[in-house]
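Each of the next two complexes has chain A plus one other chain: chain B in the first, chain C in the second.
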Partner chain A sequence: MIAALRKGALRDVVVVIVVVFGVGSIAMLLAHVSPLDGFGALFDGAFGTPEEVAETLVQATNLLFPALGIAIAFRAGLFNIGAEGQLILGGFAAGWLGAQFPLPPYLAVPMVLLAGALAGGAWGAIPGFLRARFGANEVIATLMLNVIAVLLTTYLVTGPLQQGGGGAAETAALPKAAQIPDLIALAADPHFTLAYLLTPFVVAIVLAFVLWRVLARTVFGYELRAAGEAPEAARRAGIDLGRTAFVAMALSGAIAGLGGATIVSGGLHRFNTGLSPGYGFIAIAVALVGNLDPRWIIVASIAFGMLQSGGIAMQAEAGVPREVVTLVTGLVIIALAGRRVVANRRST
Partner chain B sequence: MRKRFGAVQAVDGVDLELHPGEIHALVGENGAGKSTLAAIAYGAVRADEGSVDANGVVGLVHQHFKLIDRLRVWENVLLNREPKRGWTIDVAAARERVRTLASTYGLAVDPDAVVETLPVGIKQRVELLRELDREPSVLLLDEPTAALAPSEIASFFTTIGDLAKRGTAILVVTHKLAEVIAYSQRVTVMRAGRVIASHLTSETSADAIAREMVGGEVPALAARAATTVAPLLEVRALSARSATSALANATFDVRAGEIVGVAGIEGNGQTALADALAGVVPFTGELIYEGAPLHAGDTPASRLARGIRVIPQDRRHEALVLDWNVRDNVVLGRQQSLAIARYGDAAREVIERFDVRPADPNAVVAQLSGGNQQKIVVGRTLTSAPKLVVAYQPTRGIDIGAAALVQSRLIEARNAGAGVLLISFELDEIFACADRVLVIANGTFVGSFDRASIDRGRIGALMAGHA
Partner chain C sequence: MNATLAAVLAILGLTLVKATPLIYAALGGVLSERAGVVNIGLEGILIAGAFTSVVVSGATGSPLLGALAGVLAGMLLAAILAYAATRLGVDQIVAGTGLNIAALAGAAFGLVLVYHQPGASHEVPAFGHTGEVVFIVLAFVVAAALQFVLTRTPWGLRVRACGEDPGAAESAGIDALKTRFRAVVIGGAIASLGGVYLSLAELDLYSDGMTAGRGFIALAAVIFGRWTPLGATGAALFFGFFAALQYSLQRAGVPSQLMQALPYLAALVALAGFAGRVRAPAADGIPYVRQ
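Let's turn to the complex of A and B:
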């Protein structure tokens, strides 16, 4: 069942490129902008200066964490649509706890990241438990929990835990000790120190390779993939499908939650309601374009990160509405889904 | 006709002629190219070279049913050809059309039954009815009797024979040589994508065809060694239920060092029995294994840990991960106990002892023939030192050579001291392998025979539900 989602990966790349440039060009022509200027502004905005390259990589990182989480769940046969909520809750836990307990850096950073992973993991574990215990559909459960996560955190930072100055809907600023360095700071002040090994970008790439190895070379990964590909055969081979669903969803949520924590600790330095412009949803496309393979997801996240960061420049410099990026992202998902249906028909 | 799949030349320059009114049998080992040829003739697969000329509609009944389980019989039979009344489907007319069709061909079936609730034998009737509704002038049948009971097979061929008499040209792809001899007029033998021989059936024999199929002598079954039997599994008043099958109040023993055959027509409680032993459905009654009870809430993992190994009936859904390679499928069920570094060794052992072709641990299982897929399932079961083997239709839809190999390995496991419960719908298989035969009908055990006192007629009558 999961194999069907992953068939014809190489041709998918062609589909993505055709959709991005083809539909993007049409949309720009409709906005009376030359596609050459529009895409020129997009690339220039994404890669024109060191700061813009850094911004592209930061956007890529913010997509990479939830995309990796989504891929883990998908590989186990579970359609986790809830990465957005898991990421937001992870970011909230990191921001609130980090501001609450002043600790030395070697404790504060791990605490903030762990808090994010645990909160996201718990948010993922809920649908995992419902699925394992009652056979509840995880698509609906995760979708609903997204809404709950947004409303719950919004309530908390506008109500009982509102700590921002002037009534802003945010938690108090993180102390320096709980912050990790980010690439934008490096681009502005190019003095590399060992601390940059902790930038979210590096952490995410290391995590991707670890997950790739775990999936390919461990018993846990083997059982997870078996449950996703052939649940009945897996069950008869002694694999506990309920337990696998629970663990996969918890892990998936934890990775997305860790992503939320890195946005807080590495970029915003506090939690606020503008934490995510929908990273958890765009990440579904990233995971699928990356063929649910952590290594390719790195590449896909950089491509989508480019669209995210270049989109702003495109609007400012070429006058192309930023919504073109949203349009293109949506069409990529539709095109990939369509291609897979066709590939499946041919293979059977 | 020529067709290549990747590195495999599946069909390699084949000419075949079917005549109206004739049942033409196409036989050959797994991977000989029979199914591919049928799929090309039907139009489901495009040939690389060659052409098909048919005088009318070509119908194909697949070995693996292509039915929509959630729909009713009439919906499946008339799919895309539903009688309309204005914008809507005329359900009454549809029902009537299926009923008429069924009675015309003697294929009794309830038009309103939901397909997923039907036993395999009835599902096949639905498949056949679907093709017959298109009034084919050529009908291709791929392994049509693989899942049928002895009595059903005879009536199936009566139906097919009637169809031939009305002028339909019929091609039956099969492994069962007894059926070829009994029911076909012409037989073509394929091997490695080529036609080896073509005869009038009256001018050849099952032995001669078998030799042509395997390209030499048919392998004999392994010899049965004298064993000392010891208590292994005691089943007391076992009742269980699985999706399409129920078992009530079964009491019997399986001892170490013997093969106990369960003879019966499909859908009489065999699936519930196998599933209860596998730990995938709950049960009532007692199962005493090696002197200690098995519990109704046991997981499949705990049964595996105690040395109970089940070869499930449906290898494609219940046993294999089709998109994985041979190596990863060989270790399925042992992934916890076997070190990852040893996966390759385990795969090579199964490939060697069970003659899996291609002999490549990295080959994707979906691309292997059914017989080679089954060798992987049986091989991984028997190479993992099982104490109790439950083999449910272990040779379903596979050829003579592969079936003889599987049966021999089961006998060797018995010789080595394992207890084997062989559940099969094919009496010949049970008689060839079993030390004792139990007969199952309507979900209960209705007879027991020692090897020395096997009475084929009596067993057949018991299977059909005559006390």
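Let's turn to the complex of A and C:
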């Protein structure tokens, strides 16, 4: 496993730990809380009981999907900042279609997940197409599409597709057949059934290993990495950069959209405007900390899942505002902005 | 007839109010990008300006000192980004994204520390109506000045050279890294005025999320305005007009979210080249590394 650590990855882990604990401690001291109590409450809140462990893993899953999508795009040299919008749109498509078309279980779950992946993929394909066809900068395009996704889904669930009770901004509840079990349900009622093989956490981990294999061992993965690391050489070798950009962005969006669908199908059981507290942005930190390698991104997602779930307890038990977690996440992104992605850009 | 005239004037007035923070932010973005650094962190700089100016104005009782502190905070954030982008060769997009996340959370955390309540600050001494007009006029003055500086002065030429081809600029004796750094920091100062305007001129407090993505609309305005100060100002006015129109159209039954989406859609269309050729500075967003 150690051999898998890329050059500089160990240094990054040290940087992340220094930022998290250093800045976290300073912030806690400012809030007149001993860092020992603050971090104690955070760890206890993340791992204290089986339910809390389950919540940590659910948060990790919600970050893992968009982080994997981001990693695919980044590896292809494309800055997909739009995972948030892709995830939201995927969640919306899953929630709306799932409630609209009741199907038997073996059809309903695949339909809901596929709907999410297709919607997220389409949302990712737009900047991919604009880049491939017009050379449009994908960063700005994905930023704009994030806001458009939020506005569009908010309009739909407060307007024409509003189906929640009492005028709530949400779609109707998913029928049981379209739901997949999540780990919180397992922790509350520890009777393992085969259905738990479809729990989002398991799906995400399987997906991570599939993507790792695809990147490392397939022609498609090779073309993707070549386009990211040496676009000029890739072009001379006959790789169609436009097509690669389009496919990478669509795939990246589809993975984030699938994540949105699993949040709806596995946890919320409907789409509402509070689906994501910024998973698509935090996932940028997860992808960078995981060194853009799907296997390490699993580890990183659990670390950030812990911060997410423990942050609530930290606020409740120790009185440290949970914004500290987001602040630290932003700083981690800045601290890690210097790596590997840079090489991709310089040569374009 | 008089009622119609009054309605038109109200919309035009509201257009200026809504456009002003966008103009400041977009001008900061233009200067930074013309020097070759994409400033995704504009939203964070607006937040820093808005939040810091409220805290300092509340502590000192002077909105002017507050504004000064807000500008310094914006410059500090821009300096972090500029240092990372020029000296560390860090990726500007990723660093700017981190900056936005950290600034939003930092301000939310700061609210709890300073005011012991989440969500919003207390009301603090602010500029009031006269001050608001001054800020609006100043935005156009800065726009004209920046247009002049970029096109007619040696420093402006150096900035543009660094945005097009920093290697060539260096061989002509220009310190590209220093020029980029300064352009980003000055751009941060200009952009932060948009934040100060929001919290101390249009209102008299800071609340979470009050910048509401204006930093991103400003990025759209930069593109729509084809990377020129006057163009970006025009684009900001255009977006401000639709923001103002929103209130009237909402009463007529047009959903507000669809109106709000307009600037973003316009930017996408501009990006795709449907609104005539748009061309970013050639070295925009590409870290420069000395050979």
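As a convention for this text, the second predicted complex is superposed on the first by the 330 of 348 C-alpha atoms of A that agree within 3 Å, B and C clash if a C-alpha of one lies under 4 Å from a C-alpha of the other, contacts with A are read in each partner's own complex, and residues count from 1 in each chain.
Here is the rule we use: contacts are C-beta pairs under 8 Å (C-beta built on N, C-alpha and C of every residue); 3 or more make two chains touch, one makes a residue touch a chain.
Note that the structure is a prediction, hence the values are computed from the model and not measured.
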Simultaneous placement of chain C and chain B on chain A, clash or fit: clash
Touched partner set for A:197, first chain B, second chain C, both or neither: neither
Chain B versus chain C as contact partner of A:334, first or second or both or neither: second
Chain B versus chain C as contact partner of A:151, first or second or both or neither: second
Which superposed partner A:324 touches (first chain B, second chain C, both, neither): second
Partner chain(s) touched by A:226 [first = chain B, second = chain C, both, neither]: first
First (chain B), second (chain C), both or neither touched by A:139: second
Chain A residues touched by each partner, larger count belonging to chain B or chain C: C
Stretch in clash, chain C with chain B, out of 164-172, 236-244 or 254-262: 164-172
Overlap of the chain B and chain C footprints on chain A, listed as residue numbers: none
Chain C to chain A touching residues, read off their complex: 38, 40, 80, 84, 88-95, 97-106, 108-109, 112-113, 118, 213, 216, 219-220, 223, 255, 257-258, 260-261, 264-265, 267-268, 271-273, 280, 285-287, 289
Chain B residues touching chain A - in the complex, by the definition given at the top: 278, 280, 299-301, 303-305, 310, 312, 317-324, 328, 332-333, 335-336, 340
Chain A - residues contacting chain C, complex: 27, 30-31, 79, 81, 126, 130, 133-134, 136-137, 139-141, 143-145, 147-148, 151-152, 154-155, 158-159, 278, 281-282, 284-285, 288, 321, 323-327, 329-338, 341-342, 345-346, 348
Residue ranges of chain A in contact with chain B within the complex: 3, 217-219, 222-223, 225-226, 229-230, 232-240
